[in-house]
Each structure stands twice: as C-alpha cells, then as structure tokens.
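Naming follows writing order (A, B, C and D), and every chain is counted from residue 1.
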Amino acid sequence: MCRWIAYRGETIPLEQYVTAPAHSLVVQSLKALESTASTNGDGFGMGWYGEHPEPGLYREVRPAWSDENLRYLCRHIRSHLYFGHVRASTGTPITRPNCHPFACGRWLFMHNGLIGNWTRLRRKVEALIPDEFYPSRIGTTDSEAVFLAILGAGGDKDPIGATRRTLATLTDMVGTNTEPLRFTAALANGRDLYAFRYAANDNANTLYYRESGDNVVVVSEPLDSERSHWKPVPPSHMIVAQAGKPVSLEPFLAEARVAAE
Amino acid sequence: MCRWIAYRGETIPLEQYVTAPAHSLVVQSLKALESTASTNGDGFGMGWYGEHPEPGLYREVRPAWSDENLRYLCRHIRSHLYFGHVRASTGTPITRPNCHPFACGRWLFMHNGLIGNWTRLRRKVEALIPDEFYPSRIGTTDSEAVFLAILGAGGDKDPIGATRRTLATLTDMVGTNTEPLRFTAALANGRDLYAFRYAANDNANTLYYRESGDNVVVVSEPLDSERSHWKPVPPSHMIVAQAGKPVSLEPFLAEARVAAE
Amino acid sequence: MCRWIAYRGETIPLEQYVTAPAHSLVVQSLKALESTASTNGDGFGMGWYGEHPEPGLYREVRPAWSDENLRYLCRHIRSHLYFGHVRASTGTPITRPNCHPFACGRWLFMHNGLIGNWTRLRRKVEALIPDEFYPSRIGTTDSEAVFLAILGAGGDKDPIGATRRTLATLTDMVGTNTEPLRFTAALANGRDLYAFRYAANDNANTLYYRESGDNVVVVSEPLDSERSHWKPVPPSHMIVAQAGKPVSLEPFLAEARVAAE
Amino acid sequence: MCRWIAYRGETIPLEQYVTAPAHSLVVQSLKALESTASTNGDGFGMGWYGEHPEPGLYREVRPAWSDENLRYLCRHIRSHLYFGHVRASTGTPITRPNCHPFACGRWLFMHNGLIGNWTRLRRKVEALIPDEFYPSRIGTTDSEAVFLAILGAGGDKDPIGATRRTLATLTDMVGTNTEPLRFTAALANGRDLYAFRYAANDNANTLYYRESGDNVVVVSEPLDSERSHWKPVPPSHMIVAQAGKPVSLEPFLAEARVAAE
C-alpha cells in the first residue's frame, strides 16, 4: 500500500501538503498510520500543473524522507493542481518509471492498491491498452497499465465513464470472491481532479478529503490530528472537483461483492 | 550501441577483462572506438557464475566509469564464465531492469543492437514470449524480450536452434529492406557460452574473439592494441564455447539482405 | 541508530547472516526491534575479505530491503570475515561515502552510534586524523572520522590500544554529562575481528554475540527468536576474535559516567 | 573540467539555456567541445531563485543527458537568475553534495576548475572556512571549500573583494609555477550575478558571455554556432551583473604568472 495526496485549488507551493504538515506525505513515507505497509520507502513522485499544458513530473527511487531535492522543489514549485505519492511496492521493481504519478499527454494518474495475481492477469490488462497508448507504457506496474487502459477507454473525453468501464472490466477479470482488486486513485487533466475509492473482493483502501473554500485536498490518511476536518470518502464513491464547479462526492461503481468494512 | 565482453575459461577475477586492460570495458564506457555511440554511460551490468547454479548479477544505472562498487566487485569476484556490459540506450529508460545482462533461471543474456521501430513491433515481439516466461519480463527493453523469446522457443534444450528460429522470426517481422535488426549477443548457462553476430537490413555490429589455451573472450571491440590477437567474428556467424569441447566459429543465420560491410 | 552484523569464522556465503535469517539484517533495515530508529533505510553497505589482502566493499544509498544486487551478491560472495550495515542517518547526507563500512588499506570499520553535537566537535575530531590518513576521508560522517583517528593513533599495530586511546580522547571532548557519545563498532584487518560497546553520558547501544565452534557473529540485535543463543556484550566491553585464538569477552574502557541501563 | 551556464535577466523557463539550445548544457554533458573532458557525466545540478529568498537546488549523480526529471523541471521552473552545471570530477566522489551548484543562505556558487594537489592543500583550504560556515561543508570538493572560504572572507557584504582576497590567498598556497589553480566560477545572491575567469600556473578555463537587452548569460562554451554573439571573458577578468545596473566586464585579479593562452 502506498500513500498519496492530491490538491486542487488556488495556487500554492507544493510544500503546503507534501512536506509541511505534522503528518505530511514525507512523514508518512517513514511512518504511515492507516496502511498495512507502515514504511513507504520504495520511491516517490510528484506531478503538478503550471503554465505548460502538460504536467511536470519528479520521480525518484530513493525514499522521500531523505531526498534533499524534494524539499527544495516543494518550496519553489507552485501549482493549482498537484499530486504527491510515496510508494510501497507490491512486487514490481523500484525504478523511476514504476513510481507514481504517471503522465500521458495532459493527464496525470496515481494509485494506491493492486490487481491481485498480477502475474496471471498482466497480459489481459496490458491487452486493454490500445496500440495508440502502448508507447506510453514505459514501466511495468499494474497501476500504469490501468491508467493507460482508462485513457484507451476514452478517458480524455469522459474520464469518469472510462474509469468506471475499466474498473468494471477489471472486476470481471479478477472474478467473484477470488483475487482482490483495490483501486484508490487520482486522475487529473490540469483543470479537473477526480479521486476514486473502490475495491472488489477486499476492503477498499482508506481515502479522505478536506475542503476549504474552493480548495480541496484528497489524501490516503489525514495530514494532521484534527480528524474532524477530514471526511472519509465511502467505498465505491468518488470526489469530483471540476473547474468552476463545487466539489462533489458521488457514487462511483457499486460493488456488491466487496467485503464489509 | 552498447559494448560488452564475455569470458569462458579457467576461473579468474572479473577485473581481468572488465577493469584492468588498457582499453577495458570500463574505459569503453567513457570512450568506445568502434561504436556509433562513443559514450556508453546509460548504466552497466555484470553477470557471472560461481558455485550456485544460478548466476550472480550486479546492475546499476550510473556510468561504469565512476562506480566504485564495480572496482571492488571485479577485484573480489572470480568466475569461469562471466559477462560485462556498458549501455548506450536506444530509447528505453535507464533503469536497473533495463540494464544487461538479463538472467532467467540458469541462463544469462546480453545484447548490443536493436530492433528497428521498436514502438511498432514491441507487441509482436512480446507476443513471442510464452506465458511461462512472461513473469521474467521485469524491464521494457527489446533485448530482454528477445532473450525471453529465445528461452520460449526452447533455448534451454537447444540454445543455438532456438536463437536461430527467433532471429529468423524477427527478420520476417522487420521485413525486407525496411527496419534494421542488429543482434550481437551472448548467451550462457553456466557451462556453455554462445556469441552471435547477425543483422538484417543493416551492417552487423562488430564482434571479436581471442583464444588462449582453453580460455576464450568475446568482445565488441579489442581490449588492447595488439590487434593481431583479436579475430573478427564474421557477420552471420557465431562462437560456440561448450564445456569440454574446443571453441568453434560456425555459421549462424544466412542473411542475403544484409548490406555489404 | 544503525544496525550491523560482523562475522568471523569458516568461509560462508554472506547471505547466511545478511539476508537469510528470520530477523536478518535486511529485515532489520525495514523493521528493527531494539533501535530508536525502527527504519534503517538511509543506505547500507557490506565489506568482506577474500583472497585479496584488501577488503571488498559494496555500498549503496538505496534501502537494503529493495536492492536486488544485494541479494545476488550475498548469495555469490563467500568470506571468512565480513561486515554488513544498514544505516539510519543522524544528520550527515545519504551518500555512498557516508555509508558503512569504511575501508582503509586492509582495515574495515563500521559503527552504530554518534558523537553528540557533531557540528561543534567536528573540527576537533577531524584534527585527530593525521595528514597521512586525511586523504582517506572521502565522506563527512563522524564514524569515518573516528575510524581514521583510530588508525592515526596506531590502530594498525595496536588496534585495541588505539581504539581505547581514541575513545578516551573523545570522552574528554564531549565532557562530563554534556553531549552523548555512543560507540558500538566493529574493526577488522582480514585476520582479526574486534567489536566494542561503549558510551559516555548515555546508555550504550545494544550488542550481542553468538559463538558456534570457532565461528563468531556479533550483532546489534539477535537475528532470530532463539534469544538464549545470543549473549549480550556488556557496556564498556569488547569482543576479541583473533586468528588462532579463542573468542574472548574483555573489558574495553571503564566509563564511570555512563547512565545505568 | 566541468561545463556551466549562468543567467540573469527577465524571468524565463530554465529550459531556454539548459536543454533547448543546439549545443545546450545537456548536450555538452555528453559532448563538450572546448573542454579537456569531452564527457561531463559525473552528476549535474541546477540552482535558481524564485519567490523564496533562498535558492532552489536540484542535484543528481546521474548524467544530465539521461535524467528525465531534468527535462520536466527545466520546462516548469521559471527564474530571473539561475545556474546549471554538468560535472567531470577531478577526483572527489560522485555524490549529490559534491555536485554544483552549492547553496549557503541566499548565496549560490558553482565552479569549473581545480586546486592542484588537492590532497596536500585540502586542510589548508578548509582552514580558511570560519567555524560559522563549517556546518555548511556537507561535501568534500575543493569547489565547495573555496565557496565557503569566500563567504567566510566577507562574501555576503563584499562578494568581489572577498573572492579576490580568497583567490589571492589560494594563489599564494599553490605557489609560483608549481601546482595549477584554475577558477572559472559564478556567484549569485538572488539579485546580482558575478562570474570570474582566473588561473595561476596554468591557462584559465574558457568563459563566454552574451548580452541581449538587460539579459546576460555566461557560459563555459557557446550554446550555438553563432559565435559572433558570444564574447570571450579574458583571463583575470570578471562579469558583474548587478540589479539595476548595466552588465560590465572588469578586471578581477592580475596574475603575472599565468601562462600565455
């Protein structure tokens, strides 16, 4: 299990959520509280939008807690929409292309979860990626494959529908009550942010959000001890934070087979 | 284009060919002479056989010339059959799983060359890898895919035949006079060493060998200025160095369409 | 606080203590039990003696738990005297030259501990290193400085005496009841192994050893749950394991001011 | 010998000089033209000023040419005053703290050159660093030591005078006609940029500058083939680019003993 944060709102330095809070993402890399993996030291990454239509990306195989570049970059880079992710690998190698977030065109994606028995299902999931997007498969994770499958399913025009269709397909692949599928993910295009919490055959990984004016931050676990500010996203739900619209919590994909939490 | 060396013979420290010669592999990483890429600084790797049936592997994304670990390891590790490789990437990311050599079971493989238009052909080549070997695809290079395709074609029992069949298939894939296919590679199982020089639609990359008693070393380019000691392997030929047999130079795969050298 | 193991005895693969045990050094890198730092992910290193008079060294800034090279090397390198160390930095940068063990000529050294207020005392400690050994100061840690100070105090001919004199000097530097000085360290020359447990103004870091025939392994914390096999080294004591002599537990340096454990 | 660029002027993306030109700094990392070291692959770094009074820093041990993070950061980070540096080590280890630029408070510094016989002179040069600045010595290069010596000589209030005094002291240290001292360096505080070209007992390393309106860029070698736009800085001279004043070329430190160019 990994830990991540996603922010959309007024332009702020990345440090406000990545390095500054008491229980910041960098602190979580060394000691997460709501994760089965208390250490998230298998690389990390940040993605952000600025003046260029395509996002910036900084990914590194070293743990976030000891990366001095990260502190400088978080202080100096400002963004209205950014992602931060610390990784606990579920088996794929610790390489930069396997670190989240993943970028493709103007889209960013990051993930906490897994496709159970990836070795057996990998080819089927990779087959969901259309030829057009296969050159963007530069790593080997299940997460990157799911991202490119979503884009291949029409994610650019219909991000929610494409994500829903892809996850329904993946749910069919893992089958009822067999392999776990956990998908707690964020998707953005520079204007809009979507965050999903879903699972099949398992409990969904935790997800929280906090609103403050027009700003919203979505996190794997709260960044401070003021728990009342952090609202849980229920399983099978999503956060939709589109430009010019209020943030909304909506149903994502009903999963009858999900275990009770 | 990369540079590599492969050795089979009496047990010696790796340094004898990797770091010690005047124009050692490490020197070639900074300044190769017979390569279109004079700098081979996109990672490196070594593979060797010892008492364990499976080979050892040391791969790193930094350039070989500045890796202090490499010097210590080459001084201390002794082997009767080992590979060394310095990489000049043809496009795939600089990650450890993309560095040569590649290991699978008791087999080692390394490569200097490319499959032209890898983006277009990648799926077809990956489809040559049987499900049994697909979990060993931990990187994204064309070279690793060819290695696993060879093993999938029966490389364990018939390494020469499986390599020949795989290269014939790849030659069909690139087509006549279209995309280049260059394959200068080494394959070993702990007892036997095979080294191939082949190309379609292009000149084959250089390959030399040097025999001394029962020892043989095969190299992308000579390791010293005594050029008379180094015999070129002709295009479409291979070196076969099997345990208990004399080293032989044999035809590999006729390629009528190869350009004149 | 770091974690380390040191072994002297018959020639064995490094994996026997570094990667194989239930609570191996690599497991401790992710989750140590008797350390204030439960994660030791700030780089790691191994040093070992083979046929060459000078030791081999492999140091890396990534965490030990995710380094695939480490597993290959531990399986293939065999030694009669070797060190393994996983680091939790006390402030100096995560670089290879700052990872333990440190090598100088035929000597190896590694350390778990610290010199309190290193910023204030650094120049004084560095001044203990004679000019002859100052070119070997390639990193910036307190540990490397202490090692070179020991060699400068005559460590090559009288390792115990030189270590005792150096630590007495350091104890004077930190002063009574002011800055902590913790020194749990191993020193070797290819034949003999010395391991020290000492502290001033603080509790000494834990140290255990286990004998089995002529073999001895010294560890920061036991490698398995058979606690009865692991004997604690008392504070202010040392293990002396010299070639051709029985292993002995001896007083090192009395420290009246050390706090009760 | 390293290669570097320094820019002061209107706010632009870093890519304009680091990655975009035909003979950009990144191209020079693989193939420099006016350097004795044609490959500058021993790490790299960037420093820049934004809204925060202290500069940002990104340093990495891998070669600049293969660092995908560098391309993203250069596209997204904008600055009115920034440095870029690709390193060819003269002997000190390839670590991030040994990569240029170096930062201390609001000051940035980078260097192309060396202090001859650094092993012999290191202690003397380090002794020039006052205690106040010694905690900022996090690496082991001659360049970082010179930077901290300049700050210790009053660089914050009188950068030109402090640099001149420090280089005069260093010239005395190397002595007449003995060890070479080459110093081609840039110094900045967020408002003002200074670039120096000087040597003792050797030819000074090349330095060029190009003005365009109020913008100035200073480089080790021209970034494109329009050589007429690039004016050489003569040996023993400096570029002074202070906020609100025209850029000026001024004498730095007369060096009678410098060899003819």
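To be clear about the criterion, a contact is a pair of C-beta atoms (placed from the backbone, for glycine too) under 8 Å apart; a residue touches a chain by one contact, two chains touch by 3 or more.
Note that this is a predicted model, so its numbers are computed, not measured.
For the touching copies chain B and chain C, the fraction of interface residue numbers used by both exceeds half; the interface is of the same-residue type. Superposition angle, chain A onto chain B, using Cα atoms only: 180 degrees, a multiple of 5 between 0 and 180.
Each chain gets a centre from the mean of its Cα atoms; for chain A and chain C, those two points are 41 Å apart.
Contact of a single residue of chain B with at least two other chains is seen at positions 68, 93, 96. If you sketch which chains touch which, every chain touches every other chain without exception.
Touching chain B in their complex are the following residues of chain A: 92-93, 95-97, 119, 122-123, 131, 134-135, 137-140. Residue ranges on chain A touching chain D, taken from their complex, read 48, 50-52, 56-60, 68-69, 72-73, 75-78, 96. Within the complex formed with chain B, the residues of chain D that make contact are 30-31, 39, 41-42, 61-63, 65-66, 68, 89, 93-94.
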